[in-house]
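One structure coming up, written as structure tokens, with questions to follow.
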Amino acid sequence: MAVRAAVAGASGYAGGELLRLLLAHPEVQIGALTGNSNAGQRLGALQPHLLPLADRVLEETTAEVLTGHDVVFLALPHGQSAAVAEQLGPDVLVIDMGADFRLADAADWERFYGSAHAGTWPYGLAELPGARAVLEGTKRVAVPGCYPTAASLALFPAYAAGLAEAEAVIVAASGTSGAGKAPKPHLLGSEVMGSMSPYGVGGVHRHTPEMVQNLSAAAGERVSVSFTPTLAPMPRGILATCSAKARDGVTGESLRAAYEKAFADEPFVHLLPEGQWPATASVYGSNAVQVQVAYDESAGRIIAISAIDNLTKGTAGGAVQSMNLALGLDETTGLSTIGVAP
Amino acid sequence: MAVRAAVAGASGYAGGELLRLLLAHPEVQIGALTGNSNAGQRLGALQPHLLPLADRVLEETTAEVLTGHDVVFLALPHGQSAAVAEQLGPDVLVIDMGADFRLADAADWERFYGSAHAGTWPYGLAELPGARAVLEGTKRVAVPGCYPTAASLALFPAYAAGLAEAEAVIVAASGTSGAGKAPKPHLLGSEVMGSMSPYGVGGVHRHTPEMVQNLSAAAGERVSVSFTPTLAPMPRGILATCSAKARDGVTGESLRAAYEKAFADEPFVHLLPEGQWPATASVYGSNAVQVQVAYDESAGRIIAISAIDNLTKGTAGGAVQSMNLALGLDETTGLSTIGVAP
Amino acid sequence: MAVRAAVAGASGYAGGELLRLLLAHPEVQIGALTGNSNAGQRLGALQPHLLPLADRVLEETTAEVLTGHDVVFLALPHGQSAAVAEQLGPDVLVIDMGADFRLADAADWERFYGSAHAGTWPYGLAELPGARAVLEGTKRVAVPGCYPTAASLALFPAYAAGLAEAEAVIVAASGTSGAGKAPKPHLLGSEVMGSMSPYGVGGVHRHTPEMVQNLSAAAGERVSVSFTPTLAPMPRGILATCSAKARDGVTGESLRAAYEKAFADEPFVHLLPEGQWPATASVYGSNAVQVQVAYDESAGRIIAISAIDNLTKGTAGGAVQSMNLALGLDETTGLSTIGVAP
Amino acid sequence: MAVRAAVAGASGYAGGELLRLLLAHPEVQIGALTGNSNAGQRLGALQPHLLPLADRVLEETTAEVLTGHDVVFLALPHGQSAAVAEQLGPDVLVIDMGADFRLADAADWERFYGSAHAGTWPYGLAELPGARAVLEGTKRVAVPGCYPTAASLALFPAYAAGLAEAEAVIVAASGTSGAGKAPKPHLLGSEVMGSMSPYGVGGVHRHTPEMVQNLSAAAGERVSVSFTPTLAPMPRGILATCSAKARDGVTGESLRAAYEKAFADEPFVHLLPEGQWPATASVYGSNAVQVQVAYDESAGRIIAISAIDNLTKGTAGGAVQSMNLALGLDETTGLSTIGVAP
């Protein structure tokens, strides 16, 4: 079986990473590639690292171009996915790498995105409790945000095991590719090299309600999230430092046991041996997640830290993992747990 | 008046930064420079950026060599400062850039450093409440740690104003110079470029009790601190993301007012206009501190973020600032608030 | 005497670096600051590292605004300087940090810049033979390009001493600030971090004729230059690796002697001890130049390498150095030879 | 068929990269892993990015341990390979990733390495004229140095076509992984981030005679090489800027034609479309080579530039490519031409 896949938005970072992974996927044949402002250009000029596709030319993002594929990946600006998905019909697997269908709460959507809520699709974070059952065979997938992927994987075991109070504090550092390819002054190399800076501070970052949604589901109660994203001087990677007050009776052993249980059979999550901590370099370009957890007795807090590649597990790799589940393929097909380091 | 200054430990990063600042200090004449394993070497080979001192040769760190100066800066490994200071006598200004005399609590010292407590010297963070009175005219200064400098300046106004609960969560990213110049595999450029990683997680980092000491003093009650340091791919800079639950009745306005009051007359602290956030690049090579604060209403937390240069304000600049106070000079002499950017 | 200085183009990297230096210059008082598209904005939002000027507001670049100063620095796009200079009159010192008045040969200008030649002003590279005599007391200065500064200082002693054949090969790596602050996709941090890439290859870079001009003047004959610039993953710095075939009879000793003679009294040029090589980190943020030279006997070539900070010695520091000479101040006033390292 | 492969020297950067590639090679089964000072340690502690091998323990590098494999890769310090290879016998494929067997000229070896010449093995740069015939079926391979790989691929077509004078000038920038994993002060992240610096200047770098050997073979006459390596602030990648005087009658067209002919059927070399230049980011983690060439008419020189990943095509990828040829597998098996970007 060859799965024919189209990519809408092939000129950006998410689209480029997706193509890198699809080129290595043994079951996928790459079909139409689209990009609006870049339609008509050679991919070799836009994504010079994708040598096998250098001579492909981008088309316009239209239903005609995207029709006739088994899977259509959407890497489009917010608010554009619903219309495209509708035209493709219910039998095509549509995987939205944007935010449009991630949130279940319409009020949250409207508050953080300022537009009408398009709906809610199966959420493509397979490692969350119960997620695989929803993803197998689905025709619609909402790929999670990169920060929510990192933070949810770090903290959900503590919440699922009832070990943490319902107030999480998350500080995450992201590589600059998370901010996209549109040129803006503060994203210039001259500005970001040698600098760490926060943004979206104080509960206003759009990934906050998505974290609340995931952690609340794991906890069975509403978990509040204080989330501070920071921009780090590196192209890729997210390091999420997450903490919450420990419930009474938590010990280092009970904490470790909860994480071992949560990740025992996970092919992409590496709960590190005690004493070893995650590093984004170790998961560079891979779909792997490094997780470590500790109990800080003096502060009474659980500290859980995860490292992912924001473009791979945090975006395109998560999308391929969900595609595999949706199509009934082995979940790990075409995905690597080996980072490109040093 | 020319202040004659000696530097013990001139070959490391702290010593090099101190010399960079002293060379620009109009009242200081640089005297003896020492370094143990590097004694006998030209400074030009060890600190090639210090052109005016290129032909100076390092001497052994002995009382004989250090005697005869008005000020002696100690940038020595832990545990060596007390013996040197004693030999220099009570009339020489001794400024310890190490940890030996920072902590007031001997039990804290013993738990975190594993040796006998040497004592407590006046703490050289001039911006803390009451600090200047202790530093003026003193003959002994304990220069604060780099992380405690960043975190204490970010949070003490909230504690001093009674706005924050007594549990702080601090996640800080530091440039690699904070880890020193001794070559270790995990500090190689190949390892750190492109990577973020935590270390000393779970309350074990030695700067934790120093933060507890400073914030507790500001709050008038014991403040617990959950501190996670991370290594960032940049040579210099600390970004400290600090938060605490807000006490009842806190508003964005009361918070802002507390910070404006705390920093109104501070020559080195720049409380940024609302909406602008600190960036380590902006304070690169300077003694300036950028601070911003916000109230996250949905999470009920105060978020205070500071950026410093770990080698300047976080080490050598803080040392010079304290020297100025101790000697009765203008506190800002020889120190800049202008970063080297981009 | 307070020299009143205006800066046209204060929002870019060259303008920002100039202001950083002028703030530390004991004889200069900063007057009008202009910027076209950014007129009306606070400097604190555009140049957050210049704390003392944070509340200054940019004005429009007009003759009215710029009138009434002793010195006017122009950091404007190509082709705009002549008109402004004319309106300021012959008695104001005008220092052009752009390219308009660097080239003596109008045909060269037209070929490389595609517009009419505006003229030729005294060339502000004080270290070149005979340059100081022209700069002292002048009312017009053309600040050299950053690459020509680095390459000319590396090679002119070999040419002035008649040691090198008239064909130079120059490969230089520059930090990204050399490409300016206008946001372009290939200058994004995501693109430049972790990457080296050439541009303007094959004799087409606009700094080529300027190098030919300088080296030919030193040699007394036309020197051809093969120049390849490359973009390096760092904010600042130029490392210029320059070579030429050695003339018959050249030895390592004669080469070294020529360089020692050329730089014997130069306050900013550090001819390194034999065996030590330049590094851009050592001159970061300073006006210093590190130079080293070697004779490769097996290839029969002279290899001369220089390191500068492209924004300081390569642009704004060179401008201040020329201003000092033009105004009769000590040439080194307000300029440092101490790099910010590590 | 499963090819059983052992890796001697699995804890360094070359060994780690080789394992990354072998894990993705469909025909290879990874056997013994050795490392001297690290014997007894878990690979997960030394190479945390190689998740599937995290629990493997390194053994001592002995003939007993290495016996019983189809292929043995040697990533050992200079001078140790000959003894190991001899013990393994003539029927085992031995691939030396060190320098011991690269040079044909014993005098060159002795001059640059200061020890007795061990011999000469088939040189594993398949793209050189005639190389594949020697590699097919061989039991011994000398993997080229990283710089010679980059420089030879950039320039051999010009020499093979008789277009270039026999004096090449090569300036190359390398990521820090090329300097290895042994911790040295000048390789600390604090030192290399933000800095470009040369080393081994003046014909003394050990890769120089290897370049002379390759280019001379292509030219049919002795080619002298002036080679300057520089250390760039990035973990991986080599950008080689190479030039030589053009012979009479060379045109841009004849030059382009020579390169198109040389690389027409090469699976790993991407001769870029005219106007597009190599970037190391584009080949990050891949076995691809980007090449571009131009004729600088005013300087009369051919400029050829290549980009490779020093650890992949420059070391471990080149080793796997040669293994494939030696074993009669498709040359591209297990190797990718897709970079990990941005």
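Here the chain labels run A, B, C and D in written order, and each chain numbers its own residues starting at 1.
Just so it is clear, a contact is a pair of C-beta atoms (placed from the backbone, for glycine too) under 8 Å apart; a residue touches a chain by one contact, two chains touch by 3 or more.
Chains and their UniProt names: A, B, C, D = N-acetyl-gamma-glutamyl-phosphate reductase.
Worth saying up front: this structure is predicted, and the values here are computed from it rather than measured.
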*Write the angle of the rotation needed to overlay subunit B on subunit D, where the fit uses Cα atoms and the result is rounded to the nearest 5°.*
180
*Out of A-C and A-D, which chain pair has the most contact pairs?*
A-D
_Measuring between Cα centroids, which chain is at the maximum distance from subunit B?_
D
*So how far apart, in whole Å, are subunit A and subunit C when each is placed at the average of its C-alpha atoms?*
45
*State, to the nearest whole Å, the distance from the C-alpha centre of subunit A to the C-alpha centre of subunit D.*
35
*asked:* Could you pull out the residues of subunit D that touch at least 2 other chains?
replied: 13, 175, 177, 181, 188, 190-191, 193-194, 233-236, 279, 281-282, 284, 342
*Would you tell me which residues of subunit A are touching subunit B in their complex?*
167, 169, 171, 173, 175, 188, 190-191, 193-199, 201-203, 208, 224-226, 228, 230, 232-237, 239, 241, 243, 245, 277-282, 284, 292, 294-301, 303, 305, 307, 342
*Sites on subunit D touched by subunit B in the complex*: 13, 175-177, 179, 181, 183-185, 187-194, 233-235
_Residue numbers on subunit B that touch subunit C, as the complex places them_ = 13, 16, 20, 23-24, 44-45, 47-52, 54, 177, 181, 193-194, 235-236, 270, 272-273, 276, 279, 281-286, 288, 290, 336-342
